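Some structures are shown below for you to check.
Paired with subunit B in one complex and with subunit C in the other, subunit A is shared by the two complexes that follow.
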Partner chain A sequence: MNSDRLFINVKPGKTFIDRLTGKTKVRTFLALIMLLIATWDIRLILPLFFLFIIALISIRPNWKKVWAVMGFIILVNLFNLLLMWLVEPDYGRNVVGGSTVLYRLSDFYIISAETMWYFFVRFTKFMATFVISLVFIQSITPSEMAAGLYSIKVPYKACTIVSIAFRYIPDIARDFQNIKISMQARGLELDSRKASLMTRLKQNITILAPLIITSFDRVGNIANAMDLRGFGKKKTRTYYAEHEDTRGDKIMMLVYLLFYGLFLAVVIIKIVTRPEYQVWYP
Partner chain B sequence: MDNKKESIGKILLGKWSTKTIIGIAIGAALFGVLMNFGGIRVFTNTSLTTAMIIDVIVGALFGPLPAALAAFFGNVIADLIGGWGFWFDWSIGNGVLGFFVGLLPIYGAKIADGIFEVKHAIIYVVTVIIGNLFAFGVVTPVLTYLFYSQELTITWGQAISAVISNASVQIIIGIPLLFLLAKRNARSTNLTKED
Partner chain C sequence: MSEPIIVFEDFSFKYKSQTTETLKNINLVIHRGEKILILGPSGSGKSTIGNCINGLIPFSYEGKITGSLTVAGIRTTEANIFTLSRHVGTVQQDSDAQFIALSTGEDIAFSLENEAMPRPEMLPRVEAAARTVGMENFLGEVPYDLSGGQKQKVALAGVLHNDEEILLFDEPLAALDPAMGMTSVDLIDRIYREQNKTVIIIEHRLEDVLYRHVDRVILVSDGQIALDTTPDELLRADILSKMGIREPLYLSALKNAGVTFGKEDHLADLQALNIDAYKEKLTSHFKENAASLSEVTVSEEELLNVQDVSFRYGEEDVLKNISFKVHKGERICIIGKNGAGKSTMAKLLCGIEKPRTGSITFRGENCLNYSIRDLGRLIGYVMQNPNQMLVKDMIRDEVSLAMQLNGYSEEEIEKNVETVLRMCDLYSMRNWPIGVLSYGQKKRVTIASILSLRPEILIVDEPTAGQDYRHYTEIMRFLENLNKEYGIAILFITHDMHLAIEYTDRAMVFTDGELIADDYVFRVLSNPEIIKRANLKQTSLVTLAEKAGIDPEQFIHAFIEEERRIRDDEQ
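Showing the complex of A and B:
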């Protein structure tokens, strides 16, 4: 694992998206994710994708890191598509409708235009989801996330779970790296080319055991510190990270309301018209 | 240590102290990290992942509902940092699995007090298999159909590989780990409390 891949900020940045309140960030993000899950229409996904790219550029991320992660994600998604194709080469028949054979490898393995179209839509959809998740993670701090979730009526103990989990991911990543290096220094082989699946699985335990023990040893300390500060005594909670709405928040409120409207429209259209195939095809 | 027998309902819910909340949070964070980096990929969006161990640990230390929550939040976090899209059907499936796996304290395997014996291990294997079959064979496909109205062929393939890989990870790694943790927590093996 590369700890560079996990970039969770604890200090808010200075760009437009960074300066929004946690409330706005969480609500916008949820609207967009719901919209992306609901729709399979490239006419909606592609504009959103470009919008997200603009958002990503606007927060001025560390491009070196972004490209590294992006490359990895593209590979993972392409690999997933390849596996899907291997299992069911004619996937497009059921979701797009029809199968125009472009190239026939064997009776079972065909490349059809519909399947390729479906894979293209799916790939764009997941890349869009990835980019918006990246923007979200990059621009939000754990406290803002808790405050944002609390604003949509999530019980604050659940908000605390999420924010603490996010807060500790970099720590865990660092511990994992340290343990792995020290284990390798003692001669543990983790390279997939040199060790078999079973041995690697066994060796994973030798990393896992110290990682889990150190992580859960922290639980007592954190819990005591929070108890001492009176956590969980009252029914409600306010957040220091939450500030008053800025002008940007008011603009974004219109934007996310629009996205919620769009989401509802997509779902209602789907229920009313009951399209035979879920993916739009020209 | 009080020896009062706790009611089953109470063990099911777990004790909702600050400690439990932090335990769930750390569990979810570990789950998210391991799901992304501690695994060997076997099929689309499923891998032989060591994250499944987290269900076991959180279940052993805090009870079934915390295990379910840790697995659910952990999977959402994994999706968020993984970039393969959000699959809430699988998150909920993992939550259900976490609940089954986390049933450890119900049948008397109190890891925190160092109690884990062979008979607990056998019950554990049975719950793991039932939990996996129920979570990924029933809950996830139904939810996939409801949420995404997607063709289930791929989901079945994923479900089968998930059941096999998760159950094997939870059994092959889980049992030695549980013995290890129990041994580590065995404070009062030979000592009896004097009044």
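Showing the complex of A and C:
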């Protein structure tokens, strides 16, 4: 049904998560991200990861696009781990504690249970962060994002920059496309088979000059339009796109408060117990 | 007369960046409940007057003000833009850039959001405003899916709920197709009547605005008020063409016939104008002209042949079985409402998109596999906004760029660039920086830069958008000259019916992806069915001809020829 779903949605969707307010979405996301950053405990990370996968399924994303990005992220992550291992094969000793050798390639290159465990936790943690970001980005509209940021006391002028940027990015992209085409018609070669990377890079910069000039014209008009309708008149602002709390929002408030609680707990436990090693190991 | 609401007293204004005053000693009183047209060519200062009224001057544009301006009892130098915006609602010219929000509802709500109005109060007001302009079913739409006219309606709704007494429209017709423009003028008039507002329209398209009654016209020229009078008086004054304003076509036709008007004639409203007394003169003049009508001759030399071309974006058919030919030296206008397929057709001709079926040949050679670059040497495409095309600092460099990119030798470039610069009357300016040029001059440079590759066909997208009559004439005469002297075929993509009538011979009309008409301009424009289907506006010439009992098609034909004769004599 939502196969035409884009990565950035301008129109709000229809699923449970979509229908939450921007405030709930931003606050929940923030709680989860903070929690994920704070913890290295797989007993917490793994359940969260599965929860996020369920959330992702629930918003019925465009799987083709999701897999494309997901595949890329998985590859980058694995590559990252490989590099870490190449530089420091016994990394687990410092963060997990101990070094149980499973396989020895040479004196330096060993595969230890602790390092593998660390890599597994790290990978899960990154993937969880990625999945929840994906859910967040796909379920929030730029206007809700602005309202949500405003609800966590970000000044509204900064919030508006977010929504304005999303409003005009497609326009600027279209301008860029037009300028590019008109330059191609005049003989600019942008075909990778016919021109070298450097030439193409240089030529793309030629296109930027008119793009910047047209964009400046537009910025002037936008600024006037905003002034004329009283933007910046008051210290506070309300949002048309931010509907009143629904039952879902009330439930989610309990949920995100729970996560903030968990986050605090994780941090406090860390401070109090001062564990020798960062990563929990069975 | 009711109380004054806007009072200019000995008002002058000089922009910080300029050396001379843009407005000089303006004295003007506008009363509550009036409907005013501020008329003037580009650069006359008419938009500056608007910006003074809504407070952008001095809030956003710095400069020196002398004299005084009072709006709704507030002296503008002592108030800020927010106080003024409670009294003056402004609808700007660029309906796209002023659509700030990501949905219709949100954009209408923008000023209420800034008032920090609680959402429950906001919703009914947004809906009421949307209903006033007829956009209540589009509240969730995103700007990318709306037409220019719809965006303008949203902009209007956005300034309706703060009880602004004054509505200011800055060139509301600039970006709309003819029928949409009429709807817009109608809507402004309806809101004026229903809501007892003071309405100020800033425009140079006189005939289109006069489609609905206005109380008073302020003619601005060179920063001063040249005339402040009723529309009838203005039209009688015979001052318009001197001021660079197009007079209504029906008046031109009557004047060509030697008619002089009396004091009682309602010149501003063709419907109300009693032409019985002038019928005879008009008919005999028409007969005289009609006797000598020449056939439009078309060269046999075929350049472009489009056969059964279809194109679709995703599931949607954008073009259906289009076939036409273009011959050497033809002047064709491509007309139709937004989204009818005109721009897609142009994209296909330039190789930006490839048709799904059908063939396109240039001088008999299949050019479907040509790249954009290859086609650029055969068919030149001039974009609407010259700022999107200019990449160099100097005129000469800009014009030689295309040849350099195509690998011509220095000598060839030297020779050809000189020819092109002379063709475009830019030779004496060849070492000027582009930054100092006017819009029209920039347009000429872009055309020169395209011509340097010597294409045989030019596609010109909205050559006159946002131009007043004087600049419009300048650009069009230039293009006409290129066509006549060098035999370059020109395809104009346009909304402008005046352009079609004055400067083209053949019209291709697109509607919903179909080419519904391809015929002589006078035949197309006198065909009511095509006019209606293509969202065009019936020209006042048809109405006039019908009132006088003359066949509209022939009347338009005769009028076009006569106008061209007059124009040629002037040159």
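Following the convention adopted for this analysis, the second predicted complex is superposed on the first by the 211 of 282 C-alpha atoms of A that agree within 3 Å, B and C clash if a C-alpha of one lies under 4 Å from a C-alpha of the other, contacts with A are read in each partner's own complex, and residues count from 1 in each chain.
The criterion applied here is as follows: contacts are C-beta pairs under 8 Å (C-beta built on N, C-alpha and C of every residue); 3 or more make two chains touch, one makes a residue touch a chain.
Source: prediction; values computed, not measured.
When the shared chain is aligned, subunit B comes close enough to touch A:V76, but subunit C does not. With both structures placed on the common chain, the touch criterion links A:A223 to subunit B and to subunit C. Contacts of A:V162 after superposition: subunit B is touched, whereas subunit C is not reached.
Shared-chain residue A:A185: touches subunit C; no touch with subunit B.
In the superposition on chain A, A:L258 makes contact with neither subunit B nor subunit C. After overlaying the two complexes on the shared chain, residue contacts for A:K125 are found with subunit B alone; subunit C is out of touch. Contacts of A:V95 after superposition on the shared chain: subunit B is touched, whereas subunit C is not. By the touch criterion defined above, A:I37 reaches subunit B but does not reach subunit C. By the touch criterion stated above, A:Y240 is placed in contact with subunit C alone, subunit B being left untouched. Overlap of the subunit B and subunit C interfaces on subunit A: residues 163-164, 166, 209, 213, 218, 222-223, 226-227, 231-232.
On subunit B, the positions that touch subunit A within their shared complex are 16-19, 21-26, 28-30, 32-34, 36-38, 40-41, 43-45, 48, 50, 53-54, 57, 61, 69, 73-74, 77, 79-86, 88, 147-151, 153-154, 157, 169, 172-173, 176-177, 180, 184. Residue ranges on subunit A touching subunit C, taken from their complex, read 10-11, 141-143, 163-164, 166-167, 170-171, 175, 178-179, 181-189, 191, 206-207, 209-210, 213-214, 217-218, 221-234, 236-244. For subunit C in complex with subunit A, the touching residues are 54-56, 59-60, 81-82, 85-86, 90, 92, 94, 96-103, 105-106, 109-120, 122-123, 126, 140, 142-144, 158-159, 350, 352, 371-373, 375-376, 380-381, 383, 385, 387-391, 401-406, 449-450, 453. Taken in their complex, subunit A has these residues touching subunit B: 1, 5-6, 33, 36-37, 69, 73, 76-77, 79-80, 83-84, 87-88, 91, 94-95, 125-126, 129-130, 133-134, 136-137, 157-158, 160-166, 168-169, 172-173, 176, 192, 197, 200-201, 204-205, 208-209, 211-213, 215-216, 218-220, 222-223, 226-227, 231-232, 278.
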